[in-house]
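In what follows, chain A forms one complex with chain B and a second complex with chain C.
The block that comes next holds the complex of A and B.
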């Protein structure tokens, strides 16, 4: 792994990007709430929950198969929004988990969401189910829950791996409306093939900000956009640098080649 | 007789029945599947417990205390017990302390992950091989012009893909401007091409896994195929 300490430029860049994000968060908290565009897949959440309630069947949410990391926390944050919608409709949520620590956090998330929606009595501790720590045993357990409970809406958010298609296919088999999102690039195609709505890549991180409209999260997302633009500018700068070095006149002129080499060397990670 | 004995070999029979039971879900949920689903879950949970004991608790905790006399490890017990505070109203705050520490550790690791994962991708975007102006042709190369054209086209394509995909993932403004909208649409198309390629290659891997299971049933267990 590349450590920030190996190259001062990398450390400087990480600090600069962090400052941009923190700056936008602070501005948002002081009232300059930024705008973020519509993420179409997320608009389907209320529709899916409403449909599940009409059918009298539960809603299932799977927070991926990793431990308590940023991706899982993001998934639980989205589930908190979904659980509030489920509680408002008076329906039942099921969250199967693969990690004991995630189970604890998921229980608290669900309990808080039901309380926020004014329906704390609907919370049942059996709704968050720790199944096992093994990937495919977990997959068979989740598949069993989907078909036995006949879930009408299935939300798959988090880090998924080879089991992603099993969840999505079984959900499809029982006719559940499915919304999925993951940061695992290799699993997105399977969700696209088998789910009704998929949010891809960075949309996953923007999701909770979009749903909650929390100024802190919105500021963070917009700060990240500025960071992307900065990285794009660095890519352009580097590309122009290495391209100009292929121009014979510039490459052999000390006036141009020294600064160009300096820029290119500076941006390179050792 | 030997064949019958082979068919009823408990390990082979259990493996074959398990495979058929789990695959039977493709057709319909049934009792056969349900039995093996729970057997599978039970086995996995038992394996987890054994794995945790043999790789973590015994060598790093129990042996360290009992064999090596490092009794300071006993201090980890109350910290571990704090997790269970979540099950009582009175001690929930205890679990929140531990969860807070976990969140903090993970948040800190993100910075290192960014420096290790994203920054190399940025710098690899402008290696000399990504130059938009081709290097001087190799003397004596009969296809020098063709190589130079393909070099430039390839790198412009690369740049176009990087820009369009990055623009697709910008959220701070509505993509109404025609140029931005078109760029983002190209980004989405390019992503779909990439996902298609990933889908195809992963399906091949899944087929290999299915073939392995079929090989087990028809070759190892039923002995219907040779080789």
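The block that comes next holds the complex of A and C.
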């Protein structure tokens, strides 16, 4: 059980980072909309959806294997955009799920996306498929859908674990264009090896901002970048402090060693 | 009647009539909330959801930041953690039916329309039924013999045996078999990733070879001639070129910082997204729709 009182310095830092992010969001909502760079993996979405439509095959989106958490919600918000593109092209989307709660949210997301694109009649409740609650049974189920439905585009966004390579390799075997993004750093190499485009790290959280151009989301991304700069400055400060403490003259000088020790101790993870 | 219900819902001892009163009250309360949410206008519904989302997040934030008693490492909010976490389980339990309905709908439709692969749906429905029946029998009549009239193998099977046969013999083994398939997928993915097509792919292949050789005895044998200690007893600086040391350097000095860099970004992304949801800064369900 962790509490702020165990390390007030780190807790204060969390509050500061939160304030930076919320501040930037509020500024963006008031009209100061920032620019964000291009993410090539996300530019490929329209290309993949268009290709699937030309081939007359469906598009599959897998929101990972965790329950309804922030990561899955983020994946579903990306799928909302993709589903709108799929609906505009008049194609079919399939979303297999491992969690019943996610199934409900995914159904709402898909239904809204088709309605927003002006094609509510294309929505089929059978397109969101709850398969199972078991990890590898889910992997088998998704692999089966990929092969039977011959999906032409596969989007894998969310929390993936050992089953990631099964999805990506089976998609590769049927010739699907695959775009993937996960918060599980151990699975990123598997996706890079088997998918056409992979979004890495915080690009996963930047994706919805990039796709929607919503000021709130864009402000949040810029807030995150300022936070990264702050963290880099802290790391740099720690690096300099530790290095200087290894210089004999400075380490033995009471004038320098006390403040240096204070800085280094402050930055140590306890 | 009460005894039958008690036996069905709570086979553990210690649950009296109060248990069912609480259960009934809880169900009534939940249905009342769901009904009120359904009847509320869309705008009000989102406001209610935003309020409860804030309340849930505020509890955990307050619990984390409120100073604790140094002896117990708890504050006045800590004892309620299980209760608050239990609320999420209650919401989840309501969704289980949704999952079952989705499964049955999809597979019966597949079967009725004789779509490609309908045989798998038939198998699914048979095993779904079998697991439900034997699962319930396993829980409530573990000692009963299921097919007493048939001699031989089946005569010795009780509900527990058949449930184990399906669960451990079927589901668990099939899961393990699917997991084992990853070995073959790794080989095919690695073949594509390590083909020398670009400078990045070449570097990737060299790094992978070093890591692999550094992890097996044949690899370490290749550079065993470089002794870690010189004749005068001092450390041999050339020992850094032993393949296991290069592999370790790659893992600790190249791979780990890159992973940590990605983790920094991910953690900040998680913080930002959580704050947006908690404070309902991201208006509407998703994207353009305003509250």
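Definition applied: the second predicted complex is superposed on the first by the 266 of 270 C-alpha atoms of A that agree within 3 Å, B and C clash if a C-alpha of one lies under 4 Å from a C-alpha of the other, contacts with A are read in each partner's own complex, and residues count from 1 in each chain.
Methods note: contacts are C-beta pairs under 8 Å (C-beta built on N, C-alpha and C of every residue); 3 or more make two chains touch, one makes a residue touch a chain.
If you're wondering where the values come from, they're calculated on a predicted model, not measured in any experiment.
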Superposed partners chain B and chain C on chain A - clash or fit:
clash
Touch test for A:241: chain B only (first), chain C only (second), both, or neither?
first
Is A:222 touching anything from chain B or chain C once the two structures are fitted on A? First, second, both or neither.
first
Taking the superposition on A as described, I'd like to know which of chain B and chain C A:35 touches: first, second, both or neither.
first
On the A-aligned overlay, A:13 touches which partner chain: chain B = first, chain C = second, or both, or neither?
first
Considering only the touch criterion stated at the top, classify A:168 as touching first (chain B), second (chain C), both, or neither.
second
Looking at the overlay, what does A:128 touch: chain B (first), chain C (second), both, or neither?
second
If you stack the two complexes on chain A, which partner ends up touching A:144: first (chain B), second (chain C), both, or neither?
both
Taking the superposition on A as described, I'd like to know which of chain B and chain C A:192 touches: first, second, both or neither.
both
Determine, under the contact definition given at the top, whether A:108 touches first (chain B), second (chain C), both, or neither.
both
Tell me which stretch of chain B runs into chain C once the two are superposed: 21-29, 75-83, 147-155 or 219-227.
75-83
Both chain B and chain C contact which residues of chain A?
1-4, 11, 14, 17-18, 70, 73, 101, 104, 108, 131, 133-134, 136-137, 140, 144, 148, 165, 185, 188, 190, 192-193, 200-202, 206, 221, 228, 231
Which residues of chain C touch chain A in the complex?
63-68, 73-75, 78, 91-92, 95-100, 102-103, 105-106, 109, 116-117, 120, 171, 174-176, 178-179, 181-182, 185-186, 188-190, 192-193, 259, 261-266, 268-277, 279, 281-283, 285-289
Which stretch or stretches of chain B touch chain A in the complex?
22, 25, 29, 33-34, 36-37, 40-41, 43-45, 47-48, 83, 86, 92, 95, 99, 102-103, 106-107, 110-112, 114-116, 118-120, 122-123, 125-128, 130-136, 159, 162-163, 166, 169-175, 191-192, 194-196, 198-199, 202, 206
Residues on chain A engaged by chain B in the complex (per definition of touch):
1-4, 10-11, 13-14, 17-18, 34-39, 68-70, 73, 101, 104-105, 107-108, 131-134, 136-138, 140-141, 143-144, 147-148, 165, 170, 185-186, 188-190, 192-193, 200-203, 206, 210, 221-222, 225-226, 228-229, 231-232, 234-235, 237-248, 264, 267-269
Note: in the complex, chain A contacts chain C through residues 1-5, 11, 14, 17-18, 21-22, 25, 29, 67, 70-71, 73-74, 76-77, 80-81, 99-101, 103-104, 108-109, 112, 116, 125-126, 128-131, 133-137, 139-140, 144, 148, 162-163, 165-166, 168-169, 172, 183, 185, 188, 190, 192-194, 200-202, 204-206, 208, 212, 214, 216-217, 220-221, 223-224, 227-228, 231
